[in-house]
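Below are two complexes that have subunit A in common, paired first with subunit B and then with subunit C.
Right after this comes the complex of A and B.
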């Protein structure tokens, strides 16, 4: 995609032919471009030229420009939620550790089961040890004080981490030749897919502690992650099932004829193709999951949207909610655009096999 | 069903285990003291004036301060409050499941909650109801002055009916203009399409303080059209905990009544001007034993958080951005409806 854009220079000839062919066309083109220019100018005017940047200059806010002072004063609340102020370096490092883990595992040379699992377990251990702190001799911070972007990233990556293998497991079980296993997988997948995510999470967060004895409850955040992971897994299982169905039966039979075991056929012949077929839908599922983490606000988690809400939720900053929401939207956009572009890259890379 | 069953179970259990009346100790208080923290309700975001987060990522607000006052009374240190973020929908199940010990979260005392949900409510610590806001240049100070004016209101709400009733009983001729959405209502008012508008009092105050260009150009009239008592909610079946919460709130009100503030509390405790203050601040024994606490719990609480008036002004009143008038939320002796039960 990127090199396609670089290699293709802007074709003025073609642009003129298409946009200024007749007087009517010219008028429409001019109007559309004038409108666009006006919009861009307004945005520029509001967001940069007339904007107030520093928290100390807040008195100058409210004269037609954005008041980025609110971000200056409240960005730590948006990024780290209720995490103790003096310990924010831990949250920062923990976030970097998760982002680093995701970025590293995007490089193809890490794609062996051993390397991937090492990287992810290490990244997660660093995150948890830093955030919780008591094992490293730092002041303990319980999970109910985690928040902001740090919590959103943690929820997202642990849900995907738990959900991916579970989804693969469920997809394989659903294809099993044993009726009991197949029936169980179908039941789980169809049951969970027919429940709204909110209900599932509400049950995990609120109802389970009422039903279970307290020693079996566990931390609320883990109950929610497991429930969310299961939800992700059921959708992912269906995505992978589509991938399995695209593979001709002959390939299994050929594998068997060569004397390969079930796991060899799966690992060396079937799964690589399944992943390729399922890739677009998988990226889609992952992106949706990132956005859906915002739903945990309903069960009292202080994720990035909740902390944004708190950031403009005091008397001084209440008029500047647009700035806060724009900031949060930009953060979401960076992550999701990154994910989408990576999906595109993977698709191109895997097409090599088809040439 | 599950919730109700559990509540009944708790009630039965608690009913069987109250042998002593003098030094009753509630299971909730015992659990809080064993744990060393009080679990209070926060919010998933912010609710103006009641539950907010400051620039240092710490909770603040009227409800948070009351939770800290409660924590000081029970554990001697306001920092031992642990605020659990909860959504509105989640607060009652979270209380039942023990995620929090008490809900202090702008929660109205209603019959349904008191009976069907298995909750118990403290004495009210706040009253909020429908109020009028008017353009300041009209020189209006009370609802009677609205004669012949237009009033904007949100369509189909109870407030619409309450306002109509109220103005009718005052025999004030008026035109009611209703709008579907709160934002339209606001815009209409700002565009001078109506002389005043009517809504929940604290909401009006926050709107005036935060979203109107020139807050001083608008007045909130003192007339209270309706009234909802806001109380702390607790699980059914632990009467001693309710007793404690009531007296904790009462102590804050008595302190204001007697002029005890966070500044002069030590001095008052050293030289109590009257026996009531001596008892309240633990200079004379009795305050602690009856609730199973230290004699000085109220003194420590007032030293840390101030009396009710100080807490109010810090979060909603003159020391806050909202500048909300005390109105009903003043002591009975100053024209409000807040009063404490008798301290004997």
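Right after this comes the complex of A and C.
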């Protein structure tokens, strides 16, 4: 560990040697770093030095700097959509509950099936109880009033929560000895993976009501979440398949020789290793899912992107669309970059463990 | 119980589970068909593909071929399909070129190139594609109008009507034939194992030669060989106009796709055994030769399979065009659904089209993979 720390320290000597290895290299280094510095300077100038920050001095906006007043004035709309204004503290706590769930499950001591499922179900339950409210004796707020970042996080967490067991089920079915079961799983996985996510969600939102008797239809949001969960599950099944392939066949046979049942072999011997092998790819799949939730704006949900559009859609704030979109992009970027770096870290750590 | 009895019991169990699955699926399908009939009857809709002959009566943003507001649904859907395939293939090619370039920079020794490539990848990969599309679209439609268009040497203009570029004054058929000849020539030369640099040079020469002949033969006397965009009144005439929707889709998907492909390329380059590179250095090869003769050929074998997944991803990503009004297949299908109500048939067409396209890409990748495989000794 200590060695790794030392080698991570910035090697100034090597940096200089490599930057100016040849005349061509020197020219490239100077030009590229100058370009990057110019970009950073422009961004700094626009975003901080010349920016207007508070909603009170809107009139000063529009002089070459960013107008962050629009965020100051509209951040509640962007983050929480049409949720009743006085109840925003509930949305805030609910969002923190989901973010907390994700952060906690990044710590290795939570990585048992029991703990992870408890944490996720608890986090999701806290979110739902707070947002819906009626069970806690708070004023009821129905799902059609949820919006903004809160809705995006809701979609994300429910998709992962529903999709993970479905993915495991599909992966097991695809490995089954029974040809019909295997064929069924392969068909579903390959079909969903070849179709754009938008097509799947659109089908759930628009086509499924035609195919179901009216008493089974349910809410549009739940249909879309289940379809999204299926999409997640099909990719997760492929991720787990990679994990299964890394387990030598002898381990199944050893389990059988000891007289363990199928589920005992799976639960005690195989699955813990499968999930360990599939961990970086699973994190990646979760990251992609969070990114793809942005697509629900097209099928008419008021997610963070839709609320951002609404925030600059009207009158006085209309010229400041760049600020609003940059704000939303920054939120996505922080989440996605953070989780992505965590995935990279896991990958490196496991490489070390395998040596 | 003895072994054979146990085995028989296990077999019975398997048979029961599988039959149950078949019966269950069949029940779902049958009940779906029944409720579809009930629901469609209630809406007064006739199922079937007869509506394809009817004319649509609505307009949309982009088409590669001639179109009219009275086109039939069949022709409109074909236009949507062509738009999707066109945009998909174009962005696949652009993303692959930029992806390989940036992936190579990411793997370069020069820290400046490495930093720039990392910034590029981390910026464009970690923001949802649809948000990037909406962002670029907002920028483009807020650009100044044609009269105040930004221009580059009075040949290329950028305004809120899109990008105007000069165009060869030849018909579409002639242009298509030239492109096909170039592809065929590239393929032939690749089969003859000519080096990449020579192929590129030969193609440039051949292209130039063909352009000279084609313009000489087909452009009528008195007209110039190249049509330049010109401001006439409130709009541009001549040249080629790339509409804001198409322009934004190309930019957004290329930035996003190339960032992903760059990561794939970097991963492939990182897998090349260090010993091979050191062997190249010991032989006195230059860095460029090591890259072209050792690293890339070795890395390609790990790059190709995930690259295929990225191509399929890009093809699927064209569907977000609906968010900014680019008339891809998904846009046409969803508009057709609102206008005609033939939901089931139109969704089936949409799914069938994507299955077809993605299956073709997968086959192509398999072929590529086979032909690049190291031959066994």
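Rule of thumb we're sticking to: the second predicted complex is superposed on the first by the 313 of 355 C-alpha atoms of A that agree within 3 Å, B and C clash if a C-alpha of one lies under 4 Å from a C-alpha of the other, contacts with A are read in each partner's own complex, and residues count from 1 in each chain.
Keep this in mind: contacts are C-beta pairs under 8 Å (C-beta built on N, C-alpha and C of every residue); 3 or more make two chains touch, one makes a residue touch a chain.
These figures come from a predicted structure and were not determined experimentally.
In the three-chain model built by superposing on subunit A, subunit B clashes with subunit C. Using the contact criterion defined above for the overlaid structures, shared-chain residue A:306 touches subunit B, although it does not reach subunit C.
Contacts of A:74 after superposition: subunit B is touched, whereas subunit C is not reached.
Contacts of A:206 after superposition: both subunit B and subunit C are touched. Note on subunit A: of its two partners subunit C and subunit B, the one contacting more of its residues is C.
Within the superposed three-chain model, A:297 lies in touch with subunit B and with subunit C [touch as defined at top].
Within the superposed three-chain model, A:197 lies in touch with subunit C and out of touch with subunit B [touch as defined at top]. Once the two complexes are laid over each other on the shared chain, residue contacts for A:220 go to subunit B alone; subunit C is not touched. Of the two partner chains placed by the overlay, only subunit B lies in contact with A:83; subunit C stays clear of it.
With both structures placed on the common chain, the touch criterion links A:328 to subunit C but leaves subunit B unconnected. After superposition on chain A, the subunit B segment that clashes with subunit C is 171-179; the remaining candidates among 27-35, 45-53 or 171-179 show no clashing C-alpha atoms. The contact surfaces that subunit B and subunit C form on subunit A in the two complexes overlap at residues 202, 206-207, 209-211, 214, 297-298, 309. Residues 15, 18-19, 21, 25, 28-29, 31-33, 35-36, 177-181, 184, 191, 194-199, 202-203, 206-207, 209-214, 291-292, 294-295, 297-298, 305, 309, 321-322, 325, 328-329, 332-333, 336-337, 340 of subunit A touch subunit C in their complex. Partner subunit B is touched in their complex by these residues of subunit A: 62, 73-74, 76-77, 80-85, 144, 147, 202, 205-207, 209-211, 214, 220, 297-302, 306-307, 309-316, 318-319. The part of subunit C that touches subunit A in the complex is made up of residues 14, 17-18, 21-22, 25, 31-32, 35-36, 38-40, 109-113, 115-116, 119, 122-123, 125-132, 134-135, 138-139, 142, 312, 316-317, 319-320, 322-323, 330, 334, 337, 343-344, 347, 350-351, 354-355, 358-359. Of all residues in subunit B, those touching subunit A in their complex are 2-3, 6, 42-49, 52-59, 82-87, 89-90, 93-94, 96-99, 206, 209-211, 213, 320-322.
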